[in-house]
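Labels run A, B, C, D, E and F following the written order; every chain starts at residue 1.
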């Protein structure tokens, strides 16, 4: 099993979610994070112009079976894309065990 | 060392925390996330009935030594359980290094 | 590639961030979590004195190429340090794939 | 000046100060019922409303409304109103005017260009509101002559705002994500406590709104004002109760946002007849408006598919018109159920129709021109990211 | 009507409007001192309180309290009060009644069934509050005859609310997680700014609460009202100062929630004697109440193990009774330290005891019946998840 | 008492109640414009301000200011002011005094020791504010004799607060992280809605602040008060408009925090001349202050490198002084543009200079002593973690 962590623009979340649902990835968790990266955002506050690279982003954590990995990554790459600096990143890592608390089911079966 | 990520009901957090303390798992971090999954919640807002699968959950991240892995997972499975759809998931993955910032201690010893 | 997860004091965040920038680690994501650990914080609320081990912390997630791992860990160990109980932890784990959404670039190149 | 006149002025000023505070109430309600990414924009619109209202109404709006009558249609405009013994009146009318303008803001929240909004707000202040206002309140207007009763402005203030709101909301179009495959989606407000505090402040201000419209306190006016405050309060409570019960029965849960709108609906509805009806009449008007507002919101949202995030069209437009017409039913003198026949009811209906026709058509003209010139709406990107980031460069909430 | 009477009515109405605003203050205090998952529920309880109070008191409560006296015990009830020249009085008394009812809401927050609460609130409005109120304020009640002084309602309004609160909090039981192995746990409020804003609004409203209770402004009343406002303000400040100092000394830190409660304690305490004591007397009463409220909260929480999330029992019940009794000590006429002997002190104590006995016993009867029939409390699951989700289907805070 | 006098007292009390509410406005503005980790501390400072102001001004401050004149410099102090027929005046002056003290709180927010602040607040109340106040408002002060006009306190209240604020902010030093390599960094406020609600409440209160300073309502005062309310309102609107336009042109976006400050700047600026200028004069003063406040904030922040999180120095200090001087230009009687020559302008300038000199020097002395004894500032650790955690042991926001 693989864990996919995607850090995307908040404004793209709706599209990404729909795209995931279309390929039947209906299980994930997300939260808001601040991202530091290439993108800069200009602000003015009380006469002080400043630009910050600390930008609000949404972090998605999705555990999928190995078979689902590729299509999930592809779908995120596509639906989170705008082409402008700041579109975000996707990271993949291994998961060795998975459990569904409700049933005690283990591993791949718990992800369905 | 293993990282256990548990996504549980917010209302079960108190029980899970107590159960963890009882087996001497006294170190972890948690935050609130939104979970998308099987569970649906019905709402009414201004005359519009809708149901959402985006539900408030608590995300626990616990790094334990290999020896502690099983009992920690078991304890969470038990204390987070209600039997109704939406109880959440537990994911386990490998951690290759660990440090305690205060002492610089490394790996298993830093987890005590 | 490696994922570094650092759980630090909120008050040390500015220093850690600057230190990371100095070694050219300009990409990461962070969010606020509650940490449970050795540190205890005393409070009084409406005449009830209590101490809690649930303390506000900042969680940093940084994916780096293997070559950057050591210096990044070292820099965090140094800049997040106060020497008092509660300085936090650093955990390292493997990342098998990485993508930059904007360009579709993969793995090490996407981290630059 | 004799003491009675001073007493009258004191009451008008205090009432005006209470009405001023309603701006804070509107800001809170609109902010609370929308998403956090547009909070700065909503605040700015509500503040600038009042800024523009203050300056524009003093500059020229007041005399268009209250200047010497020209053909029963409009006041004789003159610039920079400056009669030392009418300053209390200028103040009281200014805060009323600003109320009317601010209603639109809620209906078009979360997607409208700030600059366009400011221009429209100015048009409300110096053109749309004062002219129909003149017909009813200046003393020589044609609706006054007919015997039309709108004591404190169910129509003159609220329905005019509501009419401008429906045109604006229609022309600007629904928020992205509001209608998905033709189905209305719920977009919950980000802080219902702000909404509730706003409603408390509006309720508070309404005692000044209706009570102050007596424009006097000495002599018999004292008891009249007390009666107005009672009918106002009872109608508000009745509106809230009705909406609570309806939503509880219909959706299985007592709905907070509808209950709050029910209170406002009751307040808007009683405004026309507050001095003309009995407490029982106020109860009836409040209950009717509380029920109607729930269904009006549903109808506008689901059938007309006009996206009104705070329910301004239903609360101010629908309940404003309805409340004015109901004066023909419940007025102690001339009302249908008191044996007054259909005359007053007819007059009320004509007045409502005329004012609505004016407000709808002139709003359409102004907004249509704005749409075709500078545009009404921000870009999709700005809307999705939130207006605060792009229009104002700052978010309302930080660490 | 002569000018003086109009002036009196003006003040009563304005004072009533200020007291109305206290509802917003209570809402904010209760919301701020509890957890975010119950915010919608708390708002709804406070709003419906006032809705029910408005309708119920007009329907029958007012005449039970102020109707022609029957055996010095109760007023002669009649439905739909409608005397045109007493509307200002109906308004002023309505907002008082709603204050009394709303006190209970805070003490039983975060665990009580909404429907049960509404029924109890109605009972407060039409039964519990008006009857003891009649004894003191109608003019022919038995406590009036005794010479009992409760100028603006330390006992009549606040202690009655506090007595109902303690019974309710006891019968409904503590929140889950409040007592762990018999030890009281801290459950911090979710937004102390709301709490503080609420206290400012209550303080503001109290000027109307106490000042308006003069029920006149013309003639000598003007200076009397000014004096009342000064004693009110000084007692509030003294209460806050005392609580600050006590908590600073005892816990090592100046505690915000106790300081806020100290201010409220001072305000509740001065309410009975506001017109009878000097500024120095007000200082003393405020200081005493500010100290007492801190220890009362601790005592009720840790010794009685009654869970009162906002401290309503201590603030309103304890300080209400205490403040009333202290009139016997500090009243410029008849007070103990002014050489008046123990007579007034005795009368005050009897009055407090009688009113408390009434409020405690009738609340017990009503609540016990409710407990055995429809139940007082939500299920454990609803409580843990939060009342907002289950009782109202919406959370107060969204994106 | 005759009816006119009662009417006067009624207005003064109501105005005082409105000014009281400004404390809530200050609390909200300061809280909103700073970071969430210091919210409890800011609330506590604002509350204790008023507590100390209430007690200290009654104890001795009032007589230092309004007691029988000694050498045109100071009032004859006596303890525990207790004249039954001046209680309305004590109340009105108390709330003014508290306003002056509270201004300092914002400028030194997020880094100052709570205990030190309390002591300084007491000094403001019983020493700094009453003495210069005596010069202008007691009737026999030397500035009164000169013909100096500061109707409602642009200088007496606001500039005095602003002067203390600049000294305090300078001595306490900038917040950690405010100046990085000599460049000013932006530290955005954590909740701009609180800021906006605070400004609405301040605007509301200002009608009492300026209108109440007429100290009468009967006879000609009624129209005078109405005129004051109009000039106050126009200047506020003009200040907001000017700041909006300036920031829009200069930074490309209409800036909310500057617009809010512009409104406050307009209000502070008009306070001296509110009764002396025409609506057009008010417009001019408002526009000037709205522009100046934007540049003053930049200047103090970037050039003087004094860290004033909420802009208190610019809003109250700069606009206070400027507004007072502008009376010499715009006063209908004696103003420069009305052909009055330079006399009044000279007097105004002398008055401003004298009051500023007093406030700056005495504040320096007091604060310098405090700095060298108990210290002004919390430790770096406390500041970084937030004052709430260390000074009060609780955070404002919880679950």
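Quick note on the criterion: a residue touches a chain if its C-beta (ideal position, glycine included) is under 8 Å from a C-beta of that chain, and two chains touch if they have at least 3 such contacts.
Please read all numbers here as calculations on a predicted model, not as lab measurements.
Shared contact partners of chain A and chain D, listed by label: B, F.
Each step here moves to a touching chain, and the least such steps from chain A to chain E number 2.
Counting C-beta pairs in contact, the pair that comes out ahead of the other among C-E and B-E is C-E. Centres computed as Cα averages put chain B at a distance of 51 Å from chain F. Chain A and chain B have Cα centroids separated by 19 Å. Between chain E and chain F the centroid-to-centroid distance comes to 34 Å (mean Cα coordinates, whole Å). Separating the CA-averaged centres of chain A and chain F is a span of 49 Å. For chain E, the set of residues that touch two or more other chains comprises 3, 7, 10, 14, 188, 251-253, 255, 257, 393-394. Multi-chain contact residues of chain A (touching two or more other chains) are listed as 31, 43-45, 93-94.
Pairwise, the chains that touch each other are A-B, A-C, A-D, A-F, B-C, B-D, B-E, C-E, C-F, D-E, D-F, E-F.
Those residues of chain D that touch chain B in the shared complex are 184-186, 188, 247, 250-253, 255, 257-258, 261, 294, 297-298, 301-302, 311.
Residues 1, 3, 5-7, 9-10, 13-14, 16-17, 20-21, 23-24, 27-28, 31, 39-40, 43-44, 47-48, 50-52, 54-55, 58, 80-82, 84-85, 87-88, 90-91, 94, 114, 194, 391-394, 396-399 of chain E are the ones touching chain D in the complex.
On the side of chain E, the complex with chain B involves touching residues 177, 381, 384-385, 389, 393-394.
Note for the complex: chain C touches chain E at residues 43-50. Listing the residues of chain A that touch chain B in their complex gives 1, 3, 17, 26-31, 61, 63, 93-102, 104, 110.
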